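Once you scroll down, you'll see the structures, which are given as structure tokens.
Look at the two complexes coming up: chain A is in both, with chain B in one and chain C in the other.
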Partner chain A sequence: MLSNRLRLQAEELRVIRGGKEVLKGITFAVAIGEVYGLLGGNGAGKSTTLLTFLGFLDLAGGNARVNDALVSEDVVAARRSIAYLPESASLYEHLNARENLRYFLGLAGSAGDDESMEAALDRVALPAEARDRRLADYSKGMRQKVAIALAILRNTDTLLLDEPTSGLDPTAIDEFHDLVRTLADDGKTVLMVTHDVYGACQVADRIGLLRDGRLVGEFSAPAGGRIDTEAVHRAFSSREAV
Partner chain B sequence: MSGFAPVFREAGLLKRDRAFIGWVVLTLLLSVVSVVGGIAEVSKQRETIARLIEGDREDRLEARAKQGDWGGAAYYSFHLTYDPPSNFAFAALGTRDQEPWKHRIRMLALEGQIYERDAGNPVLALTGRFDFAFFAAFVLPLVLIAVLHDLQASERGAGRHELLIATSGISSSPWRLRAWLKAGAVFIAAALPLLVGCIVSGTSMTRSLMAPAILCGYLAFWSFVSYRIARRERNPSVILATLLGVWVMVGVVGPAAGKLVIDHQVPVPQGADILMTQREAVNDAWDLPKEVTMDAFVARHPEWSQYAAVDRPFEWKWYYAFQQVGDQKAEPLSLAYRESRLHRDRLAGWFAWLTPPALLQRSLQRIADTDLRAHMEYEANVRLFHGQLREFYYGKLFPDAPFDTDALGGLPEFDPGMAAP
Partner chain C sequence: MSHVLLLAKEEWRFWLRSNLALSAAILFLVLLVTTAILTTVRIAEERHAREHHQEKAESTFLAQPDRHPHRMVHYGHYVFRTPSPLAAFDPGLDSVTGQSMFLEGHQQNSATFAVSGASADLGEFAWLTPAVVYQLFAPLLIILLGHGAVVRERESSTLATMLAQGISGVTVLYGKALALFAAILLMLVPLLVSGGAAVGRGETVLAAILMVAVYFLYLSIWGLLALFLSVLSARRATALATLTALWLALTLLLPSLAVSNAARFLPIAGQIETGLVMLSDLRKLGDGHNVNDPAFDRLRRDLLKQYGVETVEELPVNLRGVVAEYSESRLTDKLNEYADRRMAMEQKQAALLARHGWLSPLLATADASRAIAATDLNNHQRFLKEAEALRFDFVQGLNRLHASKLAYIDDIKRSSDQQAEKRTRVSGENWKLLKDFRFKPDDVGTRAGNAWPSVLALLVWFAVLSIASVRAAGRIRL
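Right, the complex of A and B next:
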């Protein structure tokens, strides 16, 4: 049984990169079916936090847990239960959308059938006529859609999204937020890193505000409502702890 | 999913990588060029030998027809000796580019004849021949470095590195498989023309399989080195420079340093000294009392002591005796020269274990019978044949047998495999 139905737990996480302490003991948890937005400026430690859950970084202190298990003890299990969408996800440009999906699904150890691939591409609204074109001919937003389709097809419990709406047009951003909400409603856990205050408030159940490697505040959406954008924006712009 | 699914997945990705396909095609072309060039050179050498065998016989018959005594027949008759290329020589021409593989020898002092060679092209000698051994030893590592140096760095640059690892779950995946597939494709592109060359040249099955096996081991070494260095978190140009540095050290500086050390440790008498010693001995013999020459000769050939007296101002037996004494004078130098060369070669063989390109070249040359050992065996053949010539003519000259052209039919014939172990 998972403790309190938590999928991701950061416990006093400390990370040192290039001699600099990037994470200074942050603690937060994300529950099953929850969308958690990690908000912060450049260099706040947002992406570093994601990488600790994937076991890419050595911890100077604290623990990262996925499904209650320490990442450091079974990194393969942690990675296999997570679909990771990096910032400006670069898939293979010389392959088309379907070939990219097939390759990455194969890498994950699952054979994607054509039907489910088409359904995932439909879900991210990638135009049908674009699916046989090489990604080199895609816009940044279209590439992002293919990467999101991959995350959907991985069908993992948890999604780690690093600036997922970067490069998307406003309509695509709205569609993406809807998609994330649907996935969360299906029981997926989403940890999303962004510096887009408005977008985070639109989609997240909770928001953690990172500043200089410290979690300086948390905001929760009221039942049936959304997080107060104004309050988050004020905190984001302020130098004070919340 | 089948166990081969990852292989098909990565192979599918690689076959769409135009830069990689370009390298494989280039490897195939260079391998074909090296093999075709080697086969052409070997064919040329075989044709030369066939032409010389025919000409040699006619020339000797013509020379004999004009002679009325044994001494003249021996003096004017040339005998072709040759070292035919093996059926694998096309892949590694080795010493056949530097050492003589054919001679026309006479009954005169051998030391003055055995080191004679056709004038070579100095530019060719400088650059070396682009045979398969050269291609495999020095060019193939560069191809592997080109296709493997950015194995992970290119993915880092494209922002895919973490995604690939996170998706596969395992840090080493898919790099190791990708590296082996790339190295495997390069190996096949290089080995395929070699195998075709073996079939065309009628190479034995053992040799045909040994060469690709050795090549496979060599490429595994370079793949391992490239893979290990390419794993470092550096940018591709730093990794490339590091690997090229390794190649220069292992392929160029190492062998050159080894040669310097070996040459310093094992001095070899100059070939010119052997020639001068023998020539001076022969020239001085004209002015020495004949008994001095004949005593020295009889000391080596006591069986002719009863015929050692020289009564006339010129006798062929005395003439050939001082030719032999010339060889005897040069013999210590000649022996030292041969032993030192073999000693150097043995040391170079040990040192080659530290320099894989040299080890590969030496291994292929051994299989092809084009290494120094094979050349020395040919030299031993020439010496043996020359000895047989002397034995034949001494048997006529010393007892002063009447000249008989029919008896010339009993002259020894050169057999390239006569001294082979």
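Right, the complex of A and C next:
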């Protein structure tokens, strides 16, 4: 059951990067407890959209709001209420999993205790024997799991996930989708960027289709059901607006 | 504050786990400690040797037998400038100005090197002092540690992860700065030890603290420069290349240019050139050894009139001694005129060089460091002036002995009459008129005052870079 209260709002967002208009006035909103998937090909503006909610980019027009507040007015407050999972898990290679979690949680102001850290690492199925090894020795998927554990441990109301299943094996992807659903059921808001049509349809309540910096269509899951993968796939492959 | 501390601790952990940073730090430490030991030993030996030579010169002068006072004027005397306690850290101009001087009648000699081995035995490496290691090489270590502080995070995308935890770019900068400043403090430990040792040798605690503060300021400027460029750069290689170019410009090119500017815009005539002009001027003053020189006609007339006598033989004073005293006085005035002119030009050159400190922190630091160590031009010139005052004092003392104790008639016959020659000898007890010479560095207040303009330049560098870094970090981008 979705709440009507909105947690993330993009209002006519326009962003110019390197002289090119990457976002051309997109508008959408994500409610409390909702999983919103942003689908699109390479260069569609998916990751850029996420970065606007974190205040990492200057807006050429429009507004980004987190919990009704303009991000540009208090960027630190916006970041504190969001757990962000970047596309390639950007953690320290010279630290092990536990050290990474402890450090970044420290920066977030939430001192994670050993017990909850182990629980989060268990939840993302990171092998126990790997937890004391430096990330330099990890595979891409293992790093991604540590980053997901960090996002879980942040225990924020909102999660921004940039290609979260990239590098994960099929089993881990399924487990991750289950995790996202559980978090949403607990009232967390999830904005997920992906080009995995099947994965997005499995987990999202709504999907927005981005093409060349414009939101060209939206799909909603029917009550108690899932979004029609075929319909989304057709729209994704088509050059027409939905 | 806890975030800043956390960021700083993490930076340190990165350095400690990075072989490059650790190796560079160890290399720097070895270079610094080796240089400190070599310079301290060298300066201690020079100090000991000069003190010994000073005592020996004085005792040798005093031990001279009874003889004609003017022979003692030409026998002369040596003075030595003992190095200040902080010279073991920064010998400054000592290695190029000379620290001993032969004092004799009728001329002002240049300062020369006291001990033959003082500079030569260490060959061309004598320039590598702890102060030079801090001024030239410490910035390289700071560049190595600091250039990647922020841009490294940007390149590996961990900057996004950090900022996404809800910290600001300014907090990131403060954390990195704290780590770098802590490293700088650690780099200053050998200087603290050197300062402590100088205090043990008689230096004031305040001077040692000032020296540490100047170098902390200097190295912090390099730290801020590294951080500023790290915040602005998109690539680590860009930051490193820019900082290396700045290091070359600020520590090598600009100082060379400054020296060249000082010599070009405020040239000082060479010693031979000045010497020829001076010799011509001095000849006009007459020959003090010849009482019949027309230059002293008026003096003779005035003396005869003063004592109411007809001939110089009737004078109650020895005309030769009076002429020697009079001639020495006029000659010294002329010599001092040239020396003052030269010193004023040297001061102008030094001031112009110091003003380049507004462009190069190394020049400002070197100037302040020499001033605090009392190894600067001011102390060298004071040594020359005090040595000259001593020379004039004992030469005139001997001339007065000549005038008052020796009969003129004996004086003119002494080369042909053995008895007259004996009577022109005065007791060796009279040589006690020579005063002790112990050169003392400027007091700490004067040294701080001399260093102040350069310290001000360093403070401005620090303030400007701090403001620029904070502003850049406030607008930090991924």
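A few remarks follow.
One rule holds in what follows: the second predicted complex is superposed on the first by the 238 of 242 C-alpha atoms of A that agree within 3 Å, B and C clash if a C-alpha of one lies under 4 Å from a C-alpha of the other, contacts with A are read in each partner's own complex, and residues count from 1 in each chain.
Keep in mind that, in the parts below, a residue touches a chain if its C-beta (ideal position, glycine included) is under 8 Å from a C-beta of that chain, and two chains touch if they have at least 3 such contacts.
Computed from a prediction, not measured in an experiment: that's the story for all the values here.
Annotation for the three-chain superposition on chain A: chain B and chain C clash.
Once the two complexes are laid over each other on the shared chain, residue contacts for A:54 go to chain B and to chain C alike. By the touch criterion defined above, A:108 reaches both chain B and chain C. Once the two complexes are overlaid on the shared chain, A:90 sits against chain B and chain C alike.
In the superposition on chain A, A:198 makes contact with neither chain B nor chain C.
For the contact definition in use here, the residues of chain A common to its chain B contact set and its chain C contact set are 51, 54, 56, 75-77, 79-80, 82, 84, 86, 88, 90-92, 94-95, 103-104, 106-109, 154. Every residue of chain B that touches chain A in the complex is listed here, in rising order: 1, 5-6, 9, 12-13, 16-18, 158-160, 162-170, 173-174.
Contact residues on chain C toward chain A in their complex (touch as defined above): 2-3, 6-7, 10, 13-14, 17-18, 156-158, 160-168, 477-478. Across the complex, chain B is touched by residues 51, 54, 56, 75-77, 79-80, 82, 84, 86-92, 94-95, 99, 103-104, 106-111, 154 of chain A. Residues of chain A that touch chain C in their complex: 51, 54, 56, 75-77, 79-80, 82-84, 86, 88, 90-95, 103-109, 147, 154.
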